[in-house]
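Just dropping this structure here.
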Amino acid sequence: MSTIDAPVSEHGFDAYLAHKRNRRINNWLLVAGGVALLGWCFWDTIMFDTDWQRMGGALGIVGTIERFFFVDWSLLPKLVVPALETLMMATLGTLLGCILSLPVAWFGAANVTPSKYFFYPLGRFLMVLSRSIHEIIWALLFVGAVGLGALPGILAVAMRSIGFISKITAEAIENIDPKPVEAIRAVGGNQFQVMYYGIVPQILPVIIGTIIFEWDINIRRSAIMGLVGAGGLGLVFFRQMAMFNYGGVTLVVLAVLVLIAIGEVISHYARKAVI
Amino acid sequence: MSITATDIPTIPAPKREWSRYRHPQSTIRFAVILAILAFLGWSVAFLNIDLSRILGAFPRLAEILATRYFPPDLDYVTDADFVRSVIRTLEMSLLGGFFGVLFSIPLAWLAARNITVSRRIAYPLGRFAIMGSRSIHETIWTILFVTVLGFGMLAGTLALTVFCIGFAGKLFSDELEAIDMGPVEAMRSVGASPLQVFQYAVLPQVRVAFTGIAIYTWDVAFRAATVVGFFGGGGMGWYLKRTTQQLESTRVAAILLVIVGLVLLAEIGSGWLRRKIGNMR
Amino acid sequence: MRHETIIAEGRAERGLPANPVGAMSILEVRNLKVSYTASGPQILKGIDFAVGGDDFCAVIGPSGAGKSTLIRCINRLVEPTEGDIILFGQSVRPLGAGDLRRLRRRIGMIFQEFNLVNRMSVMDNVLSGRLGYTGAFRSFFKAFPKEDIDRALHLLERVGLSDHIDKRADALSGGQRQRVGIARALMQKPEILLLDEPTSALDPKISRDVMGLIRELAAEFKVPVLCNIHDVQLALETCNRIIGMQDGYKKFDGPSEGMRKQDLDEIYAMEVL
């Protein structure tokens, strides 16, 4: 609140001070309300809902945590294939997401949409829908539709990616510089040439950057798809958890971290190469 | 004086050659593209993906939604217990978002290369904390906390807190790295302590952006909060798990509708608030 | 005095055939009127002139006079509302999309802000001038024929950019970018050049160089030029014919040598007020 919106010249300094005082009181009320709300949330959820007895006190907690620290390295060879599966699921999911994003971005970009009254709102709605449903829920829906395996994971990742990729793409299309497009039109280029030489070079770096970013996130997402019936590291995590082999769980988490670090490195170089 | 083709001078042969092909770069580019295509093909083969099933998945999903999930059992979601779980979900997201933002501000301070306390120790530490929280998916955090602390909203809230630390910490540190260093140098030159520098030179520059990010973080946290219950973290996700496992599809449909509706409301609300705050700039 | 007479006199002084208008004109504009919306104000209120031969014709006038609209009407980047434009003996207004494209590829255009595709290389920007003659397959793979590449190399040499062929367009300075624009326009083997404020984004020194280069190349390739320019001094120096416009009307048309102080005052009267 950096603006001075007090009517200084009209009512003089006293009015300004009164205004300041009012604002200070308002701020305090806001803070007090916030604290009360958070306090009530805390009481209602944490204090009320937690089974303190069953947790077994501080010693019990420390005991459980301790079990995570004995990393079960013997599991390591069995993680290579699931890690590869996770990476592949993320890659194929991103690819499918990109393909599905194309029509959505086309519909949802105000300057190229085929119809302002039907397709534009449809495109915008699909963008929001894709982002508002959590990947776990998408995965549950697709496991119901196509059965267990990597495919529902890929589809879930793809559906979740559509929102972000198509939103950024649509914005890039809306923000293109019309001047090169005009130039290609003036040399006698056809519709395809205008798009391919005038528009695509302008939006390509943005789109590729977004795809790399989304791929990075999709590795995280595919790592949990196994929890609801798709394969990959998530499935190993789930099995180790079911066997109470907490050392193995830690190893899986470490494997996820390593996989994501590899993804970060690749996307770092890919982004450098593109931009 | 009209122009005919013979008047136009013919172009002499140029003094140099040009080809689109550049020796190392073009070869490398082709190799990379080929490698990516090969990896995609290998993935399809390795994961045993039937491409026709991908196309079939969407009509199949629509068919299942129409036959099994329709009509949604709306009585189930107006039940008092369910409404209570929705409120609990909202409370969890508020707590997780609040504590996440609270902890992520100092971490982001450490993890911002330009104003960090020390580049040798604090910077990698802050960076690692944020990257670690980000890299592990919120559902995995939920399961880990449930294992240690038992079922319930404590585990869910903690998982959301860690998730928000990663999410907001990244955005905060990016924002901090983009600030104008002039005021920071001015403060340092008058001998202010790091904390004073942060309070007087850094915070005023990023306050509005931070408020916007905090609201966005809550929005995203709420989205995540709807499913932490699926893994024992409390809230409405638990109902989702129960109805899914018992194949009560019409109830699942009703819960999904509620989730989509609430997330949309949260998104509209947070977008409206962020616009208002953006205008105050 | 009718403008044809003025032109004839001006041309006679320079030892040229008397009448460029009529059968010899490449471009003829008759009673051109333009308004952007049906109910909106008219930008052009009935313009007549003809361009042909070795005309290097400048359109001058205060801002808002409709200079840019006039230039853009000729290849229909702006749609005329009334009147006729006859280019290479055919009427431009009734052309369908395909015929319009075939017409546009014969017209070279150089823009105020260069209108280059910033992320493409200089070479690709120049080659894109041939797109009207390039098929879908070749344009998809950017595989232009050898003779196009040779022409591009020659033109880049002529505009002095031989050392920048593979640079990206946004890595060049303003003057260099406009030279790429000139090379792109000449790639088309144009039969007329349209220049829309080619120098207003450049500083005065570079502007003179660029205009000089365009005049030299236009003479070499024997292309008539229609040029919209706001710098009167530069127009008088470079061009051999001036069309003065004010508020959508043509106020002056004649050789640049025949331009007098009071003609200028009349054209710019509105701006003085």
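Every chain is named by a letter (A, B and C) in the order it is written, and numbering of its residues begins at 1.
Heads up, the rule we're going with is that contacts are C-beta pairs under 8 Å (C-beta built on N, C-alpha and C of every residue); 3 or more make two chains touch, one makes a residue touch a chain.
Just so you know, these numbers come straight off a predicted model, no measurement behind them.
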Chain separated most widely from chain A, comparing mean CA positions: C
Pair of chains joined by more contacts [C-beta pairs], B-C or A-C: A-C
Computed distance of Cα centres, chain B from chain A, in Å: 3
Where chain A and chain C are represented by their mean Cα positions, the distance between them in whole Å: 50
Chain B and chain C: spacing of chain centres that average the CA atoms, whole Å: 51
Residue ranges of chain B touching chain A (in the complex, touch as defined): 39-40, 42-44, 46-50, 53-54, 56-57, 60-61, 64-65, 68, 88, 91-92, 94-95, 98, 132, 134-137, 139-140, 143-144, 147-154, 157, 223-224, 226-227, 230-231, 234, 240, 244, 256, 259-260, 263-264, 267, 280-281
Sites on chain B touched by chain C in the complex: 1-3, 7-9, 11-16, 18, 20, 22
Of all residues in chain A, those that touch chain C in their complex: 177, 179-180, 182-190, 192-193, 196-198, 201-202, 204-205
Contact footprint of chain B on chain C as seen in their complex: 16-17, 20, 24, 26, 52-54, 123, 142-143, 149-154, 157, 162, 165-166, 189, 191, 220-223
Touching residues on chain A, where the partner in the complex is chain B: 1-3, 37-38, 40-42, 44-46, 49-51, 54-55, 61, 64-65, 68, 84-85, 88-89, 91-92, 95-96, 128-129, 131-134, 136-137, 140-142, 144-146, 149-151, 154-155, 220-221, 223-224, 227, 231, 237, 241, 246, 249, 253, 256-257, 260-261
